[in-house]
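Two complexes come next, and they have one chain in common, subunit A, joined by subunit B in the first and subunit C in the second.
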Partner chain A sequence: MTTNTNKPQSMEAILGDIVYPALEEILSAKEAAIEMSETTVLFGEGAVLNSLELVSFIVLAEERVNDNLESGGITLTSEKAMSRSSTPFRTVGTLAEYIDELLQEEAAV
Partner chain B sequence: MHTRFLLERFRDCGSKEAIIWKGESYSYARLLESIEECRSLLDRYRVQAGSVVVLEGDFTPGTLAFMFALIDRECLIVPLTSGMDSRKEEIYEIAQAQLVLAMDAEDRVSVSSFPTRTSHELLISLQEREHPGLILFSSGSTGKSKATVHDFTVMLKKFATDRVRAGKRIMGFLFFDHIGGINTVLNALSSGGCIVALEDRSPDRVCAAIARHKVQVLPASPTFLNLLLLSEAYRRHDLSSLELINYGTEAMNEHTLTRIREVLPQVGLLQSYGMSEIGIIRSSSRSPDSLWMKFKGEDYETRIVDGLLEVKSEFTMLGYLNAESRFTEDGWYRTGDAAECDGEYFRIRGRQSEMINIGGEKIYPVEIENVLLQMDEVIEVSVAGEQNLITGTMITATVQLRDRLPAAEFRARMRAFCRDKLPVWGIPQKCVIVEELAPGNRMKKKRS
Partner chain C sequence: MSVPVTVITGTRKGIGQYLARYYADLGHSVVGCSRNEADWTHDRYDHIVADVADEADVKRVFKHVKKKYGRLDNMINNAGIASMNHSLLTPLSTVTSIFDTNVKGTFLFAREAAKLMMKHRYGRIVNFSTVAYPLQLTGESIYAASKAAIVSFSEIAAREYAEYGITVNCVGPTPVMTDLIRTVPRAKMDDLIARQAIQRMGTFEDVANAVDFFIRKESDFITGQCLYLGGV
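What follows is the complex of A and B.
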């Protein structure tokens, strides 16, 4: 059975297979233990990541999403993402919602 | 007449070996005979002084004989090797070529001529001075080939001075249509040395040729030296004849330099600095394992302006045929190499065009590669900046690993390894693991 699919994944899968493992990899390099939840702030005031860590994290998340896609794949740091009034990179929850949104669009093509 | 001193030296050398091609040895006397034959061919085709002549070949007896015959006739010479085949038409046009001499695999010539008129002012200036010229095309991996124009009489001056030099047996490793290759030819043959031609530049073939033909000097690129280490070809061949490795053409990794010193302790290592635009500059390193160097002789002046190296010398090119001048108003050539200086010594950090600016912090690919190459897991790496909307640029490392390793595991080890060796912004944000990192077509590192 192949897991390759263009069908949107559940929110649990996006969090559990994509966002948390990617974040865990970046946070594991830090000294202090940081708890992860949907409200964990990734970017801006109170963020657990600096800008370089955010870049690495987004790259990892993107790879994880695209590993499971048959199509060309999605880009997380697009002009579209950057120009939104509230950034999708603000928290774990908003990022997961944004990935969900992109996957829905990708599946609709 | 500009080659008179060379032809006299060739005569003095007589039966000494000048070229080894396909395992066969050609003496200076035979080279002189070939030059004579080339002269009659040029007569038959009524090749005049000032003609632009493309010479397609390699370090073969025929190609080199034509080169000296053409210098002697004061032609403007465009050397080409087969690596540039896809750009030939473009090159003929830019150089305003009038004649093409193409050597085949058996070293026989075929001739084609074009009814082109020379109109470029640099070419005309050489014709008016009645000086032979040299037109070199950059490999232009990132876009158009740039054509540099040199006055061949100026270039030959360096070799005309009567220095007592024992002719060495030099490997024809650098390409014939590259400033380093032309330098190899002039250096070897003006001093009664011998050029050993290669058909293939793989580490094993190069080492086999060193062993078989007792090569003493190997001019090479750092990328090739790294391949040599990886292949361990030096274990399989007798390299005891080798006295000197002359490296240049791109920034050297400290790690590669240290390893070469370990595996070939009897070999001297000499860094030279050169580019088509300024020629090859004789230099000396602060110590054998140091990347700090200074230029020898009074031929070149250097200065660092805004962190970038500038060079002034009579040996620099006259200019480009097809690009904006890179000279300052007072005649300094802007190399585009970022450099640091310490008294009279300087060290090249990397090409300005490859500089990665990440959130305002500047770092060069080779500085990062240098650290990653020290990891036991890594056998080759290429670092480049990639556009990223958060920090403007991010650093991507493409790595070839010694053993298979999960990507996440490698990334974790890399971050831990780099932590005290690179600034935080210099640790690659993205890693791509590949089976093999092939070098560029000129044995230089490709950074995409």
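What follows is the complex of A and C.
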């Protein structure tokens, strides 16, 4: 597990400590086993999550991000995320990149 | 069952302080907040200086709750401000400030509370409206509009959070003698009370009784409701 810090984390840590465990927790409730990778689709056509599962997943991922921050924490569903032409919640990989971006901004504050 | 954990906003004085002391006396672990330090203490009460409309401040409150207790059972969104004025004479800054505290504050605390509650699939959120909304009181258009927004938000959040075992309800108090109404002329207050089925001022105990009902474990089939006091 990563240490409690406001410093940016590596992409491996973001995937391994934040995105995959959060997704695994949601997918564990499903009957069919789903393999996770950076191309796993989270939102839109071909998504492995329904809309309610996506909400729960984002809350879980945000909690995992914030557990590693000294500050109150960030909000994944920011205005910035919602106004982009392509959503950062589309795949595991795009979400990890977006979290990395937010953590870099948080560290710069 | 373990000790209930309860967050209450606007606890420095008035109804918020009463509720914080009341639930702490009942054995709850209470976390409260206001824009200034509290001048009272209780063994089971933590006070955090926070602006309810500031997202970073709100997140800080819940970080404290999560770190210290790991869960949250009850969220009581009491913090609110009012301004009595004819809408033709109401400056925009007043509108912004009333909506910031009443609507943004309620939204932020409900959202962050639900995130913490959903993990344990249990939670009670009680928001505060007012009888000024159904009574359509003149001179209170912006205050009543902000409290109407809280009712509407609560009704929809109730449906969105039901999946996670969280109920969302509103209490709509009549006037209670607090700083919020101290400047309202007596004649206006008498007119308002005359429109209630039970014609008297509300008390802190009346409000606590309604909150008690909504946060009971047995109230798990009651959500999206607004309970107006005084028979309004």
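Here is the rule we go by: the second predicted complex is superposed on the first by the 107 of 109 C-alpha atoms of A that agree within 3 Å, B and C clash if a C-alpha of one lies under 4 Å from a C-alpha of the other, contacts with A are read in each partner's own complex, and residues count from 1 in each chain.
One rule holds for everything that comes next: a residue touches a chain if its C-beta (ideal position, glycine included) is under 8 Å from a C-beta of that chain, and two chains touch if they have at least 3 such contacts.
Model, not experiment: these values are computed from the prediction.
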| item | value |
| --- | --- |
| Which superposed partner A:Val59 touches (first subunit B, second subunit C, both, neither) | both |
| Broader residue contact with subunit A after superposition on the shared chain, subunit B or subunit C | B |
| Subunit B versus subunit C as contact partner of A:Glu105, first or second or both or neither | neither |
| Partner chain in contact with A:Met82 - subunit B first, subunit C second, else both or neither | first |
| Partner chain in contact with A:Gly73 - subunit B first, subunit C second, else both or neither | second |
| Doubly contacted residues of subunit A, that is, touched by subunit B and again by subunit C | 52, 56, 59 |
| In the complex with subunit C, residue positions of subunit A that touch it | 52, 56, 59, 62-63, 66, 71-73, 75 |
| Residues on subunit C engaged by subunit A in the complex (per definition of touch) | 55-60, 62-63, 115, 118-119, 163 |
| Partner subunit B, residues of subunit A touching it in the complex | 25, 28-29, 50-52, 54-56, 58-59, 77-79, 81-82 |
| Residue ranges of subunit B touching subunit A (in the complex, touch as defined) | 358-359, 388-391, 394, 408, 411-412, 415-416, 424-425, 427, 429-430 |
